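Here the structure comes first, spelled out in structure tokens, and everything after it is commentary.
Read from first to last, the chains carry the letters A, B, C and D; within each, the first residue is number 1.
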Amino acid sequence: MIRVGILGATGYTALELIKLLLRHPEVRITALTSRQTDRPHVSAVHPQLFGRLDLHLENFTPVEVAERCDCVFSCLPHAASAELVMQFAGTPCRVIDFSADYRLDDVATYRAWYAAEHPDPSRVGQVPYGLPELFGQRLREANLVANPGCNPTAPILALAPLLQLGLIEPDGILVDAKCGVSGAGRTPKLTTHFPECNESVVPYNVGRHRHTPEFNQILRRFSGAAARVIFTPHLVPMDRGILTTTYARPRGNLGEQQALDALRQFYGDKPFVRIVDHLPATKDTQGTNFCDLTARRVDDWLLLIGSIDNLIKGASGAAVQNLNWMYGFPETTALV
Amino acid sequence: MIRVGILGATGYTALELIKLLLRHPEVRITALTSRQTDRPHVSAVHPQLFGRLDLHLENFTPVEVAERCDCVFSCLPHAASAELVMQFAGTPCRVIDFSADYRLDDVATYRAWYAAEHPDPSRVGQVPYGLPELFGQRLREANLVANPGCNPTAPILALAPLLQLGLIEPDGILVDAKCGVSGAGRTPKLTTHFPECNESVVPYNVGRHRHTPEFNQILRRFSGAAARVIFTPHLVPMDRGILTTTYARPRGNLGEQQALDALRQFYGDKPFVRIVDHLPATKDTQGTNFCDLTARRVDDWLLLIGSIDNLIKGASGAAVQNLNWMYGFPETTALV
Amino acid sequence: MIRVGILGATGYTALELIKLLLRHPEVRITALTSRQTDRPHVSAVHPQLFGRLDLHLENFTPVEVAERCDCVFSCLPHAASAELVMQFAGTPCRVIDFSADYRLDDVATYRAWYAAEHPDPSRVGQVPYGLPELFGQRLREANLVANPGCNPTAPILALAPLLQLGLIEPDGILVDAKCGVSGAGRTPKLTTHFPECNESVVPYNVGRHRHTPEFNQILRRFSGAAARVIFTPHLVPMDRGILTTTYARPRGNLGEQQALDALRQFYGDKPFVRIVDHLPATKDTQGTNFCDLTARRVDDWLLLIGSIDNLIKGASGAAVQNLNWMYGFPETTALV
Amino acid sequence: MIRVGILGATGYTALELIKLLLRHPEVRITALTSRQTDRPHVSAVHPQLFGRLDLHLENFTPVEVAERCDCVFSCLPHAASAELVMQFAGTPCRVIDFSADYRLDDVATYRAWYAAEHPDPSRVGQVPYGLPELFGQRLREANLVANPGCNPTAPILALAPLLQLGLIEPDGILVDAKCGVSGAGRTPKLTTHFPECNESVVPYNVGRHRHTPEFNQILRRFSGAAARVIFTPHLVPMDRGILTTTYARPRGNLGEQQALDALRQFYGDKPFVRIVDHLPATKDTQGTNFCDLTARRVDDWLLLIGSIDNLIKGASGAAVQNLNWMYGFPETTALV
């Protein structure tokens, strides 16, 4: 039985994570942290958990967490996350980090996109990217795993095999994403105030969303050449889900059937990637750890359409899947 | 041409008010105020108004507003509103107050429900209640009008005629309201954060909503005896609209047809109250100044069902209707 | 391992049922039926199930189903359900019926509310009502169980203990329900067409909803006298969830704390009824088999507020809970 | 006073059209048609219009309509529309057609995309395209105007000036659209059933949406060379609004400021096109006839982002704007 903790347990990814972990037969939740000093019961913060988990959110130090846990999930925002995560380095406690802090290959890129010095530069570029369908073997021995961003997950899963096979161009890829509002976190803001974002679609962070370098660095590993993605997210009035429409340039006469076949072959034995013929809806993956993908050839473009639940496959489900790999549990434990 | 101003122009009622006033041929908007000190252009606060109104939000004093305006709408919250509104008393500038400050009959009730001393006690109980279908004649000479609360509007319009005719009991009336989220204002809060209130219904302020005394005091004028309403509001995931289901005890054998006839006769010439046979939906009145009402007799209860747009007939439309009465413009000007 | 089947597998309750049953370690789904003659794969009807269940929807007769299954769930509409369910009477196959056909105590009531002769009159009044918190012991030996209606579930769970203890009056109970749209089924209609019901609240079937006699007959068993409920449902723009606001008359000085204590004592060991102090939201129970209940005393009324997921505790979760009781599995199997 | 009629008055575009026309001081609605034979009152079909328009929907022939009207709007679907519209050719009654029937330049394109022979081939290619910002002068004498499709409106308004100035490439343009559900019409279907499309985003008609040739034919007039658009629409859970994200290839060093300046200059005096610096939301144009546009340069792409209300600027508002041009009324009459 693995004892697990969650740093920053007040948000949506923490709530989903707890719900998944409560179903996990090999795991027991032993610590939840928050900077709140009144030690609220978890059900006061998350009424959905009333009667299901009897823990308080504590203002624990990393040392205190490491004493109570074998593995910890950090649901903290970037920078704040690394500052705590680095303190687990000398402990036996393994870490799965939801933030962007350990996803990038180099501190220069981090500095350029996050306008800050990285708190823990020596490990940047050393941490496996927690997309088990692509990097599962690297997770087995990892003490620290960088959980992927919600937006890159589906496009990377669609693009990586085709880039590896040289079927599409690595440059000039457009990713147009339609994102549920929970992706913006749980802190109230005007842009996510119900009467502002309900009945509305709006693009945000056009040309400067911080998931952009994550796309490029991961895809480069498959293309063998610089990859360049233009990423354009849009806020859509729904709780959860991301629909990504990816426009790539096929090489040669790549047809949609050939693209689908390549994806099916690549993911043949992977339980959470479903290559479908129909156009996927976000509702098809809502509340699940699945990533549904399809392809369409339209004129001289290949469209790759992906659907995930941003809080599950895009965050907490992926984290549990990573935990399963790290500890050798069956990959689907607690996830189906 | 009447020059009008709006105090507290950053919220939703102010936005709707501006949109209505831009259609009013007898009115020109000459001042918008806000405590913001950076004097934002109105279109920076309300992008819907881009290119439609060229004014900045100014941190004007009441004296400065009174110089620029013949009539002012206060969209400020209670207490804050009276503190400014009272400063217009010595000026020729007439005021329509959206807050609850001048709706109640006595300061004791105000103190009991708002837990504060009234800033302007001498005028409490002297100010006409701005529901023109019931009190239109009192508005003609008024220098100050108390715009009604959004929740009481439809139930009072349904109950007042029946109480006046002695057709229902004034005691033991239940009002169960289903309210769109814009009624909670524009300040971001956790309860109105999209992923919290979307896909959810929740009651709030049960047994202690501040519209309760407003119900009772207005209805008492029609029943000739103490009226008592239990008011239970619920937050519903939609931008606008209030559906009120009012349960009253009929006297004698009052049938639903008799109730409908009484309402039709009472409101025969009123342009904004529609007595309908079908069950009204909030969508039927969305974006309009109409109040749709119907009645159903079920066993020994009379159900009165009402639909309004909380921002129009429940706030800004009612305010323009009041202005039309105050200045002798046709009642429907700018409202159809 | 129990072999189970689903009659009428194209709708939302069937989909939720399948998702729950796929998690049940003691159950295997062996038959899905539909009147569709093209034998669609279940994932063509329910894309969420792609890759998760490899069955076709078959136009099986009851005899064919009984050969393949130990227990069958009927998700068919009333009348159509009883016509098939009665054909399982001579087989070893046990039945859990989602329709209203076997919920009522007598055929006269059925005839009055459904305007039809009951297809299987001899069993009417003999079938246990599948609310295990109240009637669990009766389910153990049952060959046929009547799954409760979604709307009565929470109010009955709130009212039954208080009626049994004589704490409230059995007459003059008002139930005002706010219901998600999935409760209306999966057949497209104008009233559930997105642009009609989105951004709108509307009451329906006022005074004549068919769940009314179900309320009265079940509550009578606890009150020891005729119970009478006025049931008023409203369609609310969300996928799932029912928030019920029940207004009852307390006897004597019943306070809300006393009511909450009585409920807590009654449901002390029941895993799916949560008596909470806060006002429950439908989101608190979304996707779960929980029923959250609280009480508020307001003047001379006791308000009982309940939240369930209409497709889980209001339908498919309750059915799995019933199956667990019928076969002696732990009550929470597949449900937490 | 112009007498106007509406063919096919049961749908959403007809409802919006009626609401706009009721505000038009130069217009009187004299005929509404429908194939329904029970002559329903317009308020039975559209409860929003209760008390606002006293007309029945009649099963009139074109001849009967032409006797009652000076101008008629056809809200019928393609093919059905042309079959009636062609019968007005010999009458003095002018026609504004909402369908696609008269938008395309040639019957071959119509045949290819609509898989049918055009009912009125001789006028195909002769009818002005009713986007007054681009083709206003051609509308003055027109007896028949083709109202634009909702999806092409904003992208064409953004692209046309830049193509005309040679600032972008006419080929390889991607239009990714996010569309409210009212765009799918009022006929209930599974795809627009609330619990299917709520809380979900899904692409549709990828690579084969019938607005595609409309894009290409109109843009060609500005580019002076073949234009080619890949159009990918997505259904988004909101009533109304279209957000279009258009990806075009800039020529030379075209910066976003230069693009914005070009658009501002082109539309300087046009009341309904607003070139904004911020990223527009569909809510900014909800319920209005405005089209909000902005531009962003991202790497070697120019993004053009547009927001309209699909039922107003994308349909009924555009139609009234066309009527204003056809009859010489001020362009904004009934539209602000």
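Here, a contact is a pair of C-beta atoms (placed from the backbone, for glycine too) under 8 Å apart; a residue touches a chain by one contact, two chains touch by 3 or more.
Treat the numbers as computed from the prediction; the structure is a model and nothing was measured.
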Rotation, 0 to 180 degrees and nearest 5, that superposes chain A on copy chain D via CA atoms: 180
Per Cα centroids, the chain farthest from chain C: D
Geometric centre distance via CA averages, chain C-chain B, whole Å: 39
Length of the line joining the C-alpha centres of chain B and chain D, rounded to whole Å: 36
Chain centre separation in whole Å, for chain D relative to chain C (CA means): 46
Chain D: positions in contact with at least two other chains: 180, 196, 198-199, 237-240, 280-281, 283, 286
Complex contact set, residues of chain A against chain B: 12, 180-182, 186, 188-190, 192-199, 237-240
Footprint of chain C on chain B - complex, ascending: 172, 174, 176, 178, 180, 196, 198-204, 206-207, 228, 230, 232, 234, 236-241, 243, 245, 247, 279-283, 286, 296-301, 303, 305
Chain C partner contacts - residues on chain A that touch it in the complex: 22-23, 47-48, 50-52, 199, 274, 276, 278, 280-281, 283-288, 290, 292, 336
